[in-house]
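The same subunit A turns up in both complexes below, where it pairs with subunit B and then with subunit C.
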Partner chain A sequence: MGRPATGRGRRAAADEEACVPGKLKHAGHLIRPAVVLLLGFALFLLVRGAVVPATFGELGHYRAASLDEIRQQAPAFAGQAVCAGCHAGVTAVRASGKHRAVACEACHGPSARHAADPAAVRHAPLDVVALCAGCHEKDSAKPKWFRQVESKEHSGGAPCQSCHQPHKPEF
Partner chain B sequence: MHGVEGYIYPNELELQWSVLIVLYPYLTGLVAGAFILASLERVFKVAAVKPTYRLALLTALAFLLVAPLPLQLHLGRPERSFEMYLTPHRSSAMAMFGFVYLWYLMVVLLLEIWLEYRVEIVGWSKSARGPMRWVYKALTLGSDDIGPEARAVDDKVGWIVTVIGIPSAFLLHGYVGFIFGSVKANAWWSTPLMPIVFLFSAMVSGIAAVLLLYMAAMKVKRRPIDMRCADTIAKYLFYVFLIDFSLEMLDLVHRIYEADESFRTLDFMVQTRLYVSQVVIQILLGTCLPLAILAATQIFRIGEAARRALYATAAVLTLAGIFAMRWNVVIGGQLFSKSYLGYTTYKLEFATREGLLPALALMILPFAILWVLVKLLPPWPEKQAILEPSDATIAGVKG
Partner chain C sequence: MTISRRDLLSQSGKLLILAPVAAVPAPPRRASEDAAAGYDPSRHRWAMAIDIDKCIGCGNCVRACEQENDVPAGFFRTWIERYQVSGADQEHPKVESPDGGRNGFPPSSNSNAKEFYVPKICNQCSESPCVQVCPVGATFDSPDGVVLVDQSYCLGCRYCVHACPYGCRYIHPGRHTVDKCTFCYHRITRGLTTACCEACPTGARALADLKDPRDPIHEFLRVNKVHVLKPHMATRAKVFYASLDGAVR
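Coming up: the complex of A and B.
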């Protein structure tokens, strides 16, 4: 008599234990912070989808389309050969001096617009003292073989070209 | 040149990382330390520190919310920082840290605070008046099931969250040390011990901060300080501080023994430009003295009032010492030339973007946030009406 009842009791207990939804009933409130987190994550993905450019990451950690956009920009520099095409005399002088490795546009600035229309677009006059000091101002971090001066002591602010010929400097 | 000694490269003349970058590891360390103290009660069942459990969690949250602000102010373009999350670069430690930070804030700290306060929040959502009622209603997230079964679930999940939180807190602050320790060009920073030293000093500063805040809060509220709690925290502070001190000394002894090409430069720097901040403030006043005070409270029988004063003194000195440690790491690492032949000077500005004034404001801000949090979620039972558990149970069952 007792045995079947015990068996039923066991089964009932097992059924109760197996009744996971019953156990989870009191964990229902935990779904709410999970939903808040998931909503936040979904919002993040939504914003990410909207603001990250479509071509980002195609070629690297940047926007691939930017390469085409950059390519479409008009070049600002004319290039050494273009300068030499018109200014052959000064190019020859420069080629025999210590500044032979310094490109024309390093001192005179980007010159594509000037090269396209030399009469209409002229170079602005150079601030020679500041320009020379940019490379030749004394600095203990520069190598010793590189010519450098304390410009204030050296020239007292006088234009460098009054003594030096900038295209073929002599020392 | 004024402030420069010997040979220094041009890009080393001016310090790139200012006092704000000193503040950043300091604030992050307080977060990690406060959380570790909270975990003592939750995971390691240290019942004596229970009065500070909630305060420690709120302190961690207040400081965590402010922790990234020094970086934002230093970089100067806060709107760009979001891009770190949108297009993170896997080789960037900072970008990866952004996710650790978010994980720690959203999944660990906020969830644990919510689970801890849920019963009270539901009670306040029913008893509070005016707009606060709606604030608490929103904080319940629409669930008022606070029956015994639901609370048992909260307790279990809260334990799991804390267990996950401990390595997360370690990761959060270990990373800050990692950022410095991985700069291999800088002899002052480049040591694998850096993340571990940062971590232990974080625990020290966080525990000291919560001890001080607890005693100050009790003073303000004119309530008695639970001395069993204060004694236990002081004991843990002493133990963790001993480990931290040993690690720092290990690093020092290792540097002296190894005596590589940078040693003479660093040694000279410690004896001259960093003498006050490193030897006097960090080591003597900020480490040896509080350690001696804490040791005395462990060894001798001292009256309650004197113990309280000693704990407060030790905690203040500890916090000053850990700040000095951050200062010596961040600023010290930029004072000497990579040529090992020269030194520069750090001039702390005042009312500029990276000056003393914004640094002070950023130091005060977490306390203001903590004040709001304590008002919103009182860590200790207040006189205001709270649903008794029996009523709450009924409400939960009915709800």
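Coming up: the complex of A and C.
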């Protein structure tokens, strides 16, 4: 050990030692940033796991569970098949008339609650004249094939149902 | 502490690969739930066929939508417009929609103008501008082709309201999140038609399933002169209009 123990000499000796295979003296410089990076990455994953909703990204860039949530809404209109299920008689009458393609609920309104409990939930009586006029009042913007009348001059104030049966109107 | 460069790199590589596996729990399966409900979204692609020549402007669809979906007063998921086009002036039609047409229209007796009713509804675009601009993924294309809104995730930022070229979105005054036509998703996934189609007395509108080879939509598209609204916006709208006049915007 005849070398002078100067600072430069010590550094050179340490460098030599560091270059020995299997011995990494300055490994701390690599390990510390690696640990910091990994901790940061783990933190990112933890925050992401906590913030991003459970089913997000499963089907696309949205929360897949929301599809089922939207489907939970209860229908207000029961559908023609449900009406026909109980009211077979009037359905048959309607089927042979001009109003065969008009669904029951188009005039009678939403009926899912009535269908669920027919005794407790009844339909309010309909204003037949207003209903007829709602579709059949003369209007030059309506298609020409559609039956239209000027109700005042057509009926002279008499209710429509005194001549026409709404479920099977005759002309 | 001594560690070789090789060991350091291989250990940190393993950690990087394993960390996400450990941190992210496996998402719960949903495919089975859909099967249990008897509805498979991959077998449907919803659209709508509207025949202008059948619409009488009665407003049944607007009221039905309101009753089915609890649409707040003054807002519309579907509405009707009455067009009056005079002579050759296609560019400046008179368009009116009093209260969205929910109570019908005052009778017109204009023999000089071309007149017709146009029902409007969300066009359920395949390339929806509203979906593209949503910053959080609250509005999305469902696997069966309906543009829906996740009410619990929407911020109410209104980007989509501005982005929709058809004006089909509004901010719900009670919830302060965006609201729009869902094609009655809760109905069509149960085998029912939409409330507006159910209530339409003339069959001017019909729900259609493009993936069903027996659906009348295919005949409708084949025999009619069909158009979509604002095709230049490249939204690939799925509400198909028969006999749509060029004056309609």
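To be clear about the criterion, the second predicted complex is superposed on the first by the 99 of 171 C-alpha atoms of A that agree within 3 Å, B and C clash if a C-alpha of one lies under 4 Å from a C-alpha of the other, contacts with A are read in each partner's own complex, and residues count from 1 in each chain.
In this section, a residue touches a chain if its C-beta (ideal position, glycine included) is under 8 Å from a C-beta of that chain, and two chains touch if they have at least 3 such contacts.
Being a predicted model, the structure only gives us computed values, none of them experimental.
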For this session: For A:R122, select first, second, both or neither according to whether it touches subunit B, subunit C, the two together, or no partner.
Result: neither
Exercise. For A:A76, is the partner it touches subunit B (first), subunit C (second), both, or none of the two (neither)?
Worked result: second
Exercise. Is A:F56 touching the first partner subunit B, the second partner subunit C, both, or neither of them?
Worked result: both
Seminar exercise, completed: subunit A contact check, subunit B vs subunit C, more residues touched by chain C
Exercise. What is the contact status of A:A27 with respect to subunit B (first) and subunit C (second): first, second, both, or neither?
Worked result: both
Problem set entry | First (subunit B), second (subunit C), both or neither touched by A:A141 | both
Seminar exercise, completed: subunit A positions within both the subunit B interface and the subunit C interface are 25, 27-28, 30, 48, 56, 61, 139-141
Seminar exercise, completed: Counting only contacts in the complex, subunit C reaches subunit A at residues 1-5, 8, 12, 15-16, 19-20, 23-25, 27-28, 30, 33, 37, 41, 53-60, 64, 67-69, 82-84, 104-105, 107-111, 115-117, 137-143, 148, 150-153, 182, 184-187, 189-190, 192-193, 195, 198-203
Problem set entry | Residue ranges of subunit A in contact with subunit C within the complex | 22-25, 27-28, 30-31, 34, 38, 41-42, 45-46, 48-49, 53-56, 58-77, 79-80, 99, 101-103, 105-107, 109-110, 134-135, 137-143, 145-146
For this session: Give every residue of subunit B touching subunit A within the complex, in rising order.
Result: 7, 9-10, 85-87, 89, 106-107, 111, 114, 118, 141-143, 145, 147, 149-150, 152-153, 157
Exercise. Can you list the residues on subunit A that touch subunit B in the complex?
Worked result: 25-30, 32-33, 36-37, 40, 44, 47-48, 51-52, 56-57, 61, 139-141
